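For reference, the structure discussed in these notes is given below.
By written order: A, B, C and D. Residues from 1 in each chain.
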C-alpha cells in the first residue's frame, strides 16, 4: 500500500495525463471509426477547455456545470463546422479541420477573454484522478456500446464503403455530422477537465502537433476497438517517463524512439497494438472450438 | 505606394520559397495520392547538410548546393523505401502513409537534433555575396534576386521535365492510373522512387535557400513551413505543379497584404488559414486542381 | 559466454553496491533537482542553463573536499508543461530532492511551481521573467530579474541617451515571455511619454519579418522596441538592416536578447542593439571574470545570461543549504534561502526581496564591436 | 401502386447521353430482366433507381414514392435494395457482420437500452444475429459465417452481397449482374433462390449478360441500347425482335455480349 502511494506520488500526474490523453484519443476515435480523418479535435478540446475555464473563473460556475458548458460549446462549434466540411473526403477533410484548428488557436492567442499567449490562469484545480478515470471509463463504455448500436453499425459501414452504406439505408451525411458532434463533445469534455487539472491553459496546449498526437495514439493503439486509443495514449504518454526511468535522458534519442515505435507499429501492426490482444483472443477461441 | 510595392516584393520573395517547397510536396501527392508529411523534415535536413558541407567540410556553396540537394534526394529514396513502399498495397495506404511519414519526420528531426544540436546555426559570413539595391525607396538584395531566380528556374526545369521528357510522361501516367501504367510497360516502382528523389531534392533546395536567406537553421525549422506548405498545395490544387507555384505566390502575397492592409500582423496567419478553409469549402480541388473526383 | 555474462553481472552489481556505499558514506550531501528544457522549443536556453549549472556543481563539489556536496539530478521537460509537471512530481516524491532549480519556461513554472509549493519544496527560478511566479507561494524564489525591473530601467537609460520620442513595437504574441516583455514596455513607454507609432506581431518559429519591418520602416520611428527571444531576434535585426532601416534607428530588446548567439547570428547588423540585462559578460568583478574564463574553457563558447543565472542559482541554493545544516530539511532550506543577503555572485551582490524576487542591479547594455558593453546603469 | 414505374428518364454526363427517354414498368412479384450491350446504360439506370445518381429529367415511382426525389438511403428505407456490378462488400467485416450491417433499416438497435444493458437490447441482438444467420444459410454461406468477406471466392462474394441486400427486407431487389463470374452450378443455385424470393412476393429487377440465365428466369425483359429502350416484352418476344438481334450482333456481325 505504501509503495502504491509512493508510486502515485511520483507518477500521479503521468497517470492523470494518460487519462486525459486517452479521453482525447477516444474523441477522435469516434470520427476515425467512421473513416473521417479530423485534425480538429485539439481545437474542440480548446473550445471546451477555454469555455469551462472561463465559466469557472469569471462566472463562478460549479465544476460540473462548467464542464457541461464546455462540452456543449464544443458540440455546438462541432455542428457549425461539421455541416459544411463533412462533404470533403480524406485528406481534404483533414486539411479543412486543420485550418479550423489553426484559426481557433490563433483566436485564443489574440482574444482578451482567453488571456492571450499567457493563457488562462487561476482556473480552480479540482479535477482529480478518480474523476478522470470515471469519465474515461464511461466514455469507453459509451463508445463500446455505440459500436453495437444502429449508429455504430452505420459508422463502421461508412468507413468501409460509403456508397454501399448509403444503399443499405444509412444516412451518411447525417451520421457523419452526429459522429463529428459526439467527437467534438468528448474532446470538449476532456479539454474542460484538463483546464481544471492545471492552473493554466495556453493556446499551445491545443496546437497542430497535439492534434497529430491524438491521431498517433489511435494508430499505435488501434482504431477498431474501444481500448485501442486508450492503449496508444497510455503507452505514448508514459513513454518519456519510462525512458527517463531507464536512464535515457538524451532528447534526440527519446524522440527517435518515439518515431521508431510509430513506424514499427504502422508497418507491422496495421491494426495497432490492440490487434495483439485481439489475435490472441481469437486464436484462443479457435483452440477452444 | 513605396510601402505597398516593397510589401509586394516581400510577398513575391517568400512566396517563391513556399512555392518551391510545395512543388515537391505536391509532386508526391500527384503520383501517389499520399501526403508526405516528412517533406518538411527533409527541407530542414537539406539546409543543415548544405551548412555542414560549407562550414565543416569547407566546400564552396556552388558545389555544396547540388551536393546537399542530392543528399536530400537520397533521403527521399530512403523515405520511400521505409515508409511508403511497404504500405502501397494496403487498402488504407493513403492513411497509413500519412502516419508512417509522420514517424519518419520525427526520426529525421531527432537525427537533426542529435547531429546539429538545438542551437540555431548559420552559414559562415561571406558564403554568399551581400549586395543591396535601393531603388526609389525599395530595397532588394542580391540574395533575394538570386533565390527567386533559382526557385523560378528549378520550377521551370521541373515543369519542362514533367511535360516533355519520357520519364516525366511516365510520372504523369503513374499518377493518372498506376495499373494502366504497368500495362504500358512502365516500371512503376522505379518511377515512384524517382519521384521521391526529385521531390525531396527540391524540398532540400528550398531548405538551403531558406537557410541561406534567413540564416537561422534549427532542427525544427521545418515545422513552421509545414502547415504553410499544406495550405499552399490545397490552394493550388493537390497534385498540380503550376498550382503549387501559384499557390505559393498567392499565400506569400496574402500574408504580406494582410499586414499591409490591416497595418498589423495579428491576423496574418488567421487570414491565411481562413482563406484555406474557405477554398476547401467552395472549391476543394483548389485553384488549378484537376477536379478529379476521388471516389472510394 | 556464460562466464562472461556472470562476470559482467558481478561487475554491474559491484558498481551498484559501491555507488550505494559511496552515497551513504558522504552523508554531507544534498540533492538538487534541475528542470531545464533540453529539447523542444526552449532547448537553446536549457542547453545554456545546464552548462552553467553543471559548471557550478562540479566546481563546488571539487572544492568541497569532505564538506557539503551537491548531488545534481538533471531532468528535461522537453519545453512541454505536461512533462514539467511529471518531472516535478518525480523529483519531489521520487528523488526527494531538497530544492528544485528551474524550470526554464515561465509558462511551465506557472503549472509546476504550485506542485512544489504544496509539497513544501523550495524552487529557485533562474530564467522566469514574467510576473506572478513568486506570488505562487513562499517556497518560490527567483534569481532572474523580472521584466518589471529591467525594462523601466532600459527605457529610462535609452530615453536619456537617445532622446527617444516615437517608437514602433514588434513582438511575438503567441509566447508568454515575449508578450510579457511587450506589455511591460508598453506601460513604461506610455508613462514616460514616448509615442507608440504602431504595434506589429509575429509568431514563434517565424523566419520572415520583412512585412512587419516594412510597415515599421514606413512609420519612421526613432527606435524599434522588440519583444523577442534570441532565435527570432537575430532574424529581426538583420532583416531590419537589410530593408534599409538606418543604424540610427536603434533596436531595443527585452530579456530574450541576452545571448551571445544574437551577436553571432546577426553579425554586423547587431551593432547598436540595446538590451537591458541582469548580467553583463564584460563585468570585471573577479568572480565574473573567473566564471567567464572557466566556462569558455570548458564549453568552447562564451556564457550567456541564462548560464550565468543558472551558475549563480546553484551558488545561492548551496549557500542556503550550508546555512541550514546540510540542506536535507526542505523547510529549513527555504528559511535559509529567504535570509540570503549580500551574497557575492556572478550576477553581482545578491539578495532576495521581501517577495523572494531577485534584488540586484541590472545593467543596460549595447552591442559594440561584437560585444555587450554597458551603456548605462 | 406496387409497380415500379420508369417514365422518360434521361441522364447525361457532360455531353454524353447515357440514358434517353427510358420508360418501362416492372410488375410486382415478377423477375424483370434488363439487358443490352456494354455501355447501354444499364448500370446507370440502376444507380438512378437506387438514388446514387439523379436523373437529368424524367420521373420514377414506386409505391407512391417519387424515387427521383429521394436520396440513396431514403430509397433503401422504402424497401428497395440493390447489389453492385463490381461487388461492394465491406472488406474488413466477416460475412455475418456484412449481413448485419444490412439490417440498418429493419432494426432499431437503440443506444439507450444498450447503455443500460436492458434485456430488450440483448433479445434484439440475438434476434438480429439469428436472422442474419438464416440469411447466410439461404444463400448457402452458413459454413463461412466468420470469414472476412475479402477472403471469399468471387461467386461467394456475389451471394454474400445478395444476402446483405436481402437483410433490408426489400420488396424490390435491384441486382447488377448477380451471377457474373459464377460457375454454372452456382448460378443455378442463385436462380433457384431468386425464384423462391419471387414466389414470396418480391419484385426483382436484374441486369445480366448470361442469356440463358435471363431467358429462363425472367418473365419480362427490357432491352437497352445506347441509352434507349429497344423493346420490352417476354423472353420469346425479345428473342424474336429484329432490332435486338441487330444490336447484339451489330451490322458487322460481331457479338458484343
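Methods note: a contact is a pair of C-beta atoms (placed from the backbone, for glycine too) under 8 Å apart; a residue touches a chain by one contact, two chains touch by 3 or more.
The shown structure was predicted, so the numbers you read here are calculated from the model rather than taken from an experiment.
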item: A-B or A-C - the one linked by more C-beta pairs in contact; value: A-B
item: Longest centre-to-centre distance from subunit C, chain (CA-based); value: D
item: Centre distance in Å when subunit A and subunit C are each reduced to the mean of their C-alpha atoms; value: 35
item: Mean-CA-position distance for subunit B and subunit A (Å); value: 30
item: Mean-CA-position distance for subunit D and subunit A (Å); value: 41
item: Interchain centroid distance [CA atoms averaged], subunit C/subunit D, Å; value: 73
item: Contacts with 2+ other chains: residues of subunit B; value: 113, 118, 223, 266, 269
item: Contacts with two or more other chains, residues of subunit A listed in rising order; value: 110, 161, 163, 251-252, 255
item: Sequence positions of subunit D contacting 2 or more other chains; value: 91
item: Which chain pairs touch, all of them; value: A-B, A-C, A-D, B-C
item: Subunit A - residues contacting subunit C, complex; value: 6, 9-14, 17, 109-110, 116-119, 121, 125, 198-200, 202-205, 240-241, 244, 249, 251-252, 254-255
item: Of all residues in subunit A, those that touch subunit B in their complex; value: 37, 84-85, 88-92, 94-96, 98-100, 102-103, 106-107, 110, 161-163, 208-209, 212, 215-216, 219, 250-253, 255-256, 258-260, 262-263, 266-267, 270
item: Of all residues in subunit C, those that touch subunit B in their complex; value: 38-39, 41, 43-44, 46-47, 173, 198-203, 205-208, 210-212, 214-215, 217-218, 231, 234-235, 238, 242-244, 261, 264-265, 267
item: Subunit A-touching residues of subunit D, taken from the complex the two chains share; value: 50-52, 71-73, 75-77, 81-82, 84, 88-93, 100-105, 107-111, 114-115, 125, 164, 168
item: Subunit B residues within the subunit C interface of the complex; value: 2-3, 6-7, 10-11, 13-14, 113, 117-120, 122, 125, 132, 134, 139, 141, 210, 214-216, 218, 220-221, 223-224, 255-256, 259-260, 263-266, 268-269
